[in-house]
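Input: a single structure, listed below in structure tokens.
First chain written, first letter: the chains are A, B, C and D, and each begins at residue 1.
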Amino acid sequence: MAPRFAITAEPLDVAALLATAQQLHDLLARDRNIEGPGAVILFVGVVRGRHQGQEVRALTYEAYTPLAVASFERIAAEAGVRVADAVLCIHHRIGTLEVGEPSVVIAAVAAHRGEAYAVSRFAIERIKQITPVWKREVLVDGASWVEGATVDPDAPEPLADAWSRTCP
Amino acid sequence: MAPRFAITAEPLDVAALLATAQQLHDLLARDRNIEGPGAVILFVGVVRGRHQGQEVRALTYEAYTPLAVASFERIAAEAGVRVADAVLCIHHRIGTLEVGEPSVVIAAVAAHRGEAYAVSRFAIERIKQITPVWKREVLVDGASWVEGATVDPDAPEPLADAWSRTCP
Amino acid sequence: MPVTVLLFAGLREIVGAGELSRPIEAAATVDAVWRDLRDHWPALTPYGPSLTCAVNAQYAPMSSPVQDGDEVAFLPPVSGG
Amino acid sequence: MPVTVLLFAGLREIVGAGELSRPIEAAATVDAVWRDLRDHWPALTPYGPSLTCAVNAQYAPMSSPVQDGDEVAFLPPVSGG
């Protein structure tokens, strides 16, 4: 079974994360005597060949690994406050990735699809807010760090904003 | 490359559908000179071990295959009216499935995640409305056909309802 | 002037066949084909209000005309996914 | 009384190292560690308003106290996913 949360330099294995997430939800369901896994949403972020009009040759990802893994645990706990019986698994890759390679895979599992979609969308929004991962774009004419979000993990507004993007 | 839309008695291959969907979006993006695949949402419906309090041993799926495949094409066209540059692939399994096996896999690919989530959610809602597939639940004490939706594919209200469940 | 009738799920089980050939009259409609079936297998009757149908693998209203050789499918409430 | 400072992405490139040891005074805060760095590498200055930080791999405000042996990480705007 794959770890629930990971930062890894190895290529991401979508099928393995799907299997792990299903197994974890199955165990949770037995333990709590609730309905088992019925819907899995896999979010796969892939390196896009073009960004804001410029051709991207590759992306290099860097992470503060222990805090990034802790951020995934935190995001799962935050999701659990609103969606009680879902399982969330997150693997983010680091190192240099070619166009088309997955940079992040999120598996959200629940008995029913509404909950799985909500947890999935919440997770990716929150990762982009607080997870200490940085990407460097290698373009045709040079390379630069992409500067995204500066969010206090304890601030309520960004948390509410992430939930606001989930499906009804 | 896997077919874009299929009804199949073979086990569903999530990784193969992901690869196909990515390739199709890559081709689309080159053709239209737009941003290539950046986000893939895979919806995986799996056979749940319990339904409305009853233990499920297995599910048997039956389809009117040519119309079911045509329904997937129709759903992709409907999605394209609102989300122009996404790719949608749908494979639905038929035959007898054990608990935990995927019954349907939907891959929705777009340059950005908001569009991919919207197309994914729209597709599963619409499949449940109009795709001619039927499931028979084998419970501990007997088996019965699950009777779900009766929806006129041309009626505007169910179409609007499916969109209303997509993420903002 | 026969049409091919396709039946699925609960409908198929009532009739005991997924495919059958039924004669139709000139200027018949899908609805006429359904009424003929229902007369032969009264257990189909409760499905009437919740049916959708297709002619030659295209969604069609019950009022659609059917012709010699058409494939007419009756679809009980769907439950895929 | 040294602390270990971790720097990432653009910050790391300015300083030329991802990890360094810096002396601190008694009753120091994360903010004091940052000011010390900024004084040595003025090119860090523009990052001040957009920083977040962590002490011992836990999110921490700039006002957090730091102690001998702590690991203090400065995080420029994140861009994962």
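FYI, a contact is a pair of C-beta atoms (placed from the backbone, for glycine too) under 8 Å apart; a residue touches a chain by one contact, two chains touch by 3 or more.
These numbers were taken from a predicted model, which means no experiment stands behind them.
Visitor: Name the chain whose C-alpha centroid is most distant from the C-alpha centroid of subunit A.
Guide: C
Visitor: Centroid of subunit B to centroid of subunit C, CA atoms only: how many Å?
Guide: 26
Visitor: Just the number, please: Cα centre separation of subunit A and subunit B in whole Å.
Guide: Distance between chain centres, rounded to whole Å: 22 Å.
Visitor: Whole-Å distance, subunit A centre to subunit C centre, using C-alpha means?
Guide: That gives a centre separation of 48 Å.
Visitor: Which positions in subunit D touch two or more other chains at once?
Guide: none
Visitor: Name the residues of subunit B that each touch 2 or more other chains.
Guide: Touching at least two other chains: 45, 124.
Visitor: Dump the list of chain pairs that touch, please.
Guide: Result for touching pairs of chains: A-B, A-D, B-C.
Visitor: Would you pull the subunit D residues touching subunit A in the complex into a rising list?
Guide: 6, 8-10, 12-13, 50-52, 54, 57-59, 61, 73, 75-81
Visitor: Please output the residues of subunit A touching subunit D within their complex, sorted ascending.
Guide: Residues in contact with subunit D: 45, 61-64, 66-68, 70, 92, 103-104, 124, 127-136, 145-154.
Visitor: For subunit B, which residues are in contact with subunit A within the complex?
Guide: That would be residues 14-15, 18, 22, 26, 29, 35-46, 48-51, 99-100, 111, 113-114, 117, 120-121, 124, 164-168 of subunit B.
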